[in-house]
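Two complexes follow with chain A in common, the first pairing it with chain B and the second with chain C.
Coming up: the complex of A and B.
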């Protein structure tokens, strides 16, 4: 370890140099609470550095290898959003918040009510509300080595949202992240903080996109705080540009009776990783995570979760489905921890992958770590190709081979996408998946 | 009064039963000085009258080992081992010259094996099992040699094989577990003192079960045995391994290497009942068991099957693996790992699918009680050329009591779309209703637990040869004694 500490690799150096040169100009610099959190985060990041495959948690995803050595920190930049692809949720009602390379760009759509507060993280000052100070950067950001700590230390922008206690029936909040490339490779470090007070409910639509010709590192740190009986329903579609490295480090704290539901749809990016760390802190807290990944070409997508059953009577469900073609690689890793005393914890993980091309790859690591005896925990994994018998059956009914395959792939993904989504959202997501499927080389 | 007396006797019996192999044989030993250096490696090699190439092989391993670091990724915690504070060779003095027949074996040794229930005396054998008995660093006796020789099967201590069959040893030793494989395997390569060597020639079905019995007796001594089994084309062999050690307060190191090679159409069945001293209720003492076991299904249609019952050792670090290189080859892994008190086990398997239509099956049952930690760690890897590969993995964990841990860490990697991989794992405790049912039928708590656990393990116990299965079933009950109530 000591020799590692002495020799900082050039990619980690990039982040450290940015911090050394610019920390005094970062948003909120001079606020002691934030300064100390940033310094701690930077120290913690420097201790492990940019993740390499030598790290257990990054065994299947080579971020250090993919990262360009010459990334410039993104700056505030006004571009025409129309220059990018249309948004997956463009036709849906809701309050629309657009972030460009991590900077708040505009807020539109349905007007905000008093029940919801939004703070632009570039504008942090002594007048910043107490709840931001209380929560921003206090979660463990991701869990294990990664870029979550760097997203706090080098945070350039982002937003914080609070939904007041008891607020329900709000129009959906739509966060649209656009990460276009510019003339040189970019790195964007931004944060999102969402606090749901007691009994509050929020539908969160999240889309990530951007046309790229140069490398963009979109490094996003997300914190969700769900207080008692709050409910957060997150639906997230990632269709970043082909040169984008998309890293999200998400930390969710779920209090008693609260429920966090998440659907992750991964369709784009050169390399994407969602590092999720969910802590079920009090009895009756629950979480449901579903992921649908469709990849072709040379893309790589990695969904890594840690679900921590820290209290008795907590429940978690995870269902990850991946369809992989070309030379793409889908990684599903999930660790469920049941702490001592967290009896009656109920957890299930299911990872399934369909490989559609000879060079496609799927890796899975569903992990259980259990320190209590009265629990019901299980996981399952299945990796394979489309079932030839089923294909034959469909073809014998006069359905063309291509169509039959498409039907089967749809059926495979549907149970990850179908549940709990409204029809409009469901159709919007499927339209994007169908488009993505055309890129997935289907060579039998 | 009588009843009290009876109870007292019964308690004494159970206490004695807990680890009945914990006695020490008082026998004069030939010991190497403490510490490890090139000189010690040379000394071991000289003691074994080894040819120069073997010494060179060992020295190369030693030089590599000096530069290696002890792995720390497993979920086991133990104080740092001082490798210079151990002895790397210990042999009963009377074994200076290997006895020509059983009559020449030191009676004290025979007594030891009798106590352990290992029949070395051929006349008294019930079942036709050929036994190679390894006491600390050397093999003391091999039975049924004559009958095996008639069939063409070579079954002898590896030290003997190095001298008598150098061409086979040279060809296969280190070909499955290379000298540089890992820290413990490299250490073993440098200092291994004995172990068994088996060669089953083409088309021969080994006429009896082969068995090795390992016994650590000396204190502050590491045991490093090396087993090499080769099944030539179309051959079949079933091999059993058992191990025990005396109760001592200090931890003892055991780092073995087992290599299996199955050529075209050959089948090797390797069964282990590992019952090294697990330490006492407080976690004091016990064996550190760091073992590298790997089988290479080198030929088409070959098969390697590992069955293990792991009940002993303070620390178990062991991943019997199969490299499925030959087309249509089959790998199997059946495991029961029981940890009680302060035992820690990190065990599992690796199935590496390289050939076409290779199949593997993994069934792992982990049982954790007391303050123990039990981890299943396994890899299923399908390479791009392994068309039609198939794997099914099932790993179940059972927790007894609220202070233990059960963990599952499977790695599943598929790089071939025609491969089918399935994995399922569950963790639960003994059902209250099951326990209640047994209790209501007048079955005592401990017995009920043993019964339920035996049922939980049935899939694996069924894979064991009959003599072992009976012993293993008893062992399951004994290992869990005191874990409930």
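Coming up: the complex of A and C.
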């Protein structure tokens, strides 16, 4: 055994072993552009390894501690569990893409038009379209230590989507990620690439679900490329089982005049982390991120964002709202960087959390790094319990305690959920939050 | 009939009500007057069942039933209503939605059928008109950005909507101009009836010129120290509490 091997922790070793044993059989193996990106990604991952709490960016979230050492790489799975899993957006129109353990399972619903291309990432070959080659795995993915690089190095499946220039009014794209119950503990490394050409617009409805009896690591790497004046509206609901570790490392590049809007609804997993890295690359690029987290039991959820104002006249808005019960823990970290010369940058971050139980925990960490003059950057944090005066007021009017609490939680989350969402989506999201709330209230 | 018997109430470990005894026959309006710190708000919160208002001894009987073991929502369903001195702002909950939820929660607890949104809206509009509460206010978040007068009008609107059997009005006159005061008094007077019991809690006699009570009780240091007819308000106005409290009860 070499001295180097001794220094690698067993959790990191799991990923390295997978790469050593299987890299020649991964999708697209032999394509030089992809091989070199995978190798670089693996080296980059190995340099930091599986994040531990000793790393500043991961000090609230113990991924290494939660990760089982016995995970097997997931293989293609064909059983139809989609029908048995709740589909948050079942009643909404759109094209449905189901991914099982990160593998494309089927495409249904509204037929695709010529304006949108979808590529199955298990089928990468010399004939793979140029735009996939141009962008897949080129972003920093997550922006710090994490699993984003591993999701590229070990990518087994996923999809790439392109919306053509000027395409607007398309029916929404539903991406439904399901981790079905399987007989052994699994790790699933997959990727999503979405490219919006100039002036293109897309509504993306994303759901992550699945309850398993064994541990599953869902490790997803996402890249969004928004070209000039493109608009991406992402609505993402994550609702996973108590054996699921979910890591999404998301990299968004936003060009001039383009707008990326994201609503992250996080209703739990054993541990989840969304690492977002948004780069506002040109003037008038903007991003709006809203996160609504509702957790109970012993769930831990972490939303960590980096917004990089790399050009003048760029704008970012971030609102993080968490409702935490039981012994759950919600982490919100947001770093905003305004680069030299990015004058007239305008950014605001707000973190709010409502703690419903004495052992519930919320951690909020806003950070600002400003290297330009003439910018407007603000942030605020508020963490507290439900207002007892308000609870008494509602109860004195005959409203039962549980309903009064629910009303107040709704009121607390509404500005994160409500703004800019259609009534149908709004109702679909609230149906899931209400269901999640019963769990949140359950555990003392 | 509301009967409070030798009531001792502790808040944050400190005894505030120290043997309060009071009875209000059904159909009557009684006033409780007292200086700051005499225990007026403690009395109103205790009647409404607020947590943290610990009944050490004594009884609160309403129509023969002991209220003490009942939660505040259960009391509301039995017809107990407290118009609060400081109505709470609840952002994100619209006033109309709150009214509907509350009304139906009470009805559900009494095994009455729930009213649909349209019925509730119609009912609320009727009541709102009498109190000059604009429709726009009903669509706003509950009490958020309401003026002091608007908040108090909404309290009285709730009272007329819920039609309680026991209504406790805690300093409903505070912060009101004379026109608002008159309007609120009119609504309260319109609700007087043979099956409703009311307790008006106030520091000043001003409200009592518009809502003339059957009896007035003076609260000092957690006990009723004097009771009398409506004329007692005028004595208090003229001579102040000190004069009265100094007298042997």
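Operating definition for what follows: the second predicted complex is superposed on the first by the 431 of 444 C-alpha atoms of A that agree within 3 Å, B and C clash if a C-alpha of one lies under 4 Å from a C-alpha of the other, contacts with A are read in each partner's own complex, and residues count from 1 in each chain.
By definition in this document, contacts are C-beta pairs under 8 Å (C-beta built on N, C-alpha and C of every residue); 3 or more make two chains touch, one makes a residue touch a chain.
Because the structure is a prediction, the values reported are computed rather than measured.
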Combined model on chain A: chain C and chain B, fit or clash: fit
Chain B versus chain C, judged by how many residues of chain A each one touches: B
Which of chain B and chain C A:70 touches, first, second, both or neither: neither
Touched partner set for A:385, first chain B, second chain C, both or neither: first
Partner chain in contact with A:407 - chain B first, chain C second, else both or neither: second
Touching partner for A:434 - first (chain B), second (chain C), both, neither: neither
Touching partner for A:398 - first (chain B), second (chain C), both, neither: second
Touching partner for A:372 - first (chain B), second (chain C), both, neither: first
Smallest separation of CA atoms, chain C relative to chain B, angstrom: 14
Contact residues of chain A, present in both the chain B and the chain C interface: none
Chain A contact footprint on chain C (complex, rising order): 48-51, 71-73, 75-77, 81-82, 84, 87-93, 98, 101-103, 105-106, 109, 141, 158, 162
Residues on chain A engaged by chain C in the complex (per definition of touch): 387-390, 392-401, 403-404, 407-408, 410-412, 414-415
Chain B residues within the chain A interface of the complex: 73, 384, 397, 399-429
For the chain A and chain B complex, residues of the former touching the latter: 56, 59-60, 340-341, 343, 353, 355-385
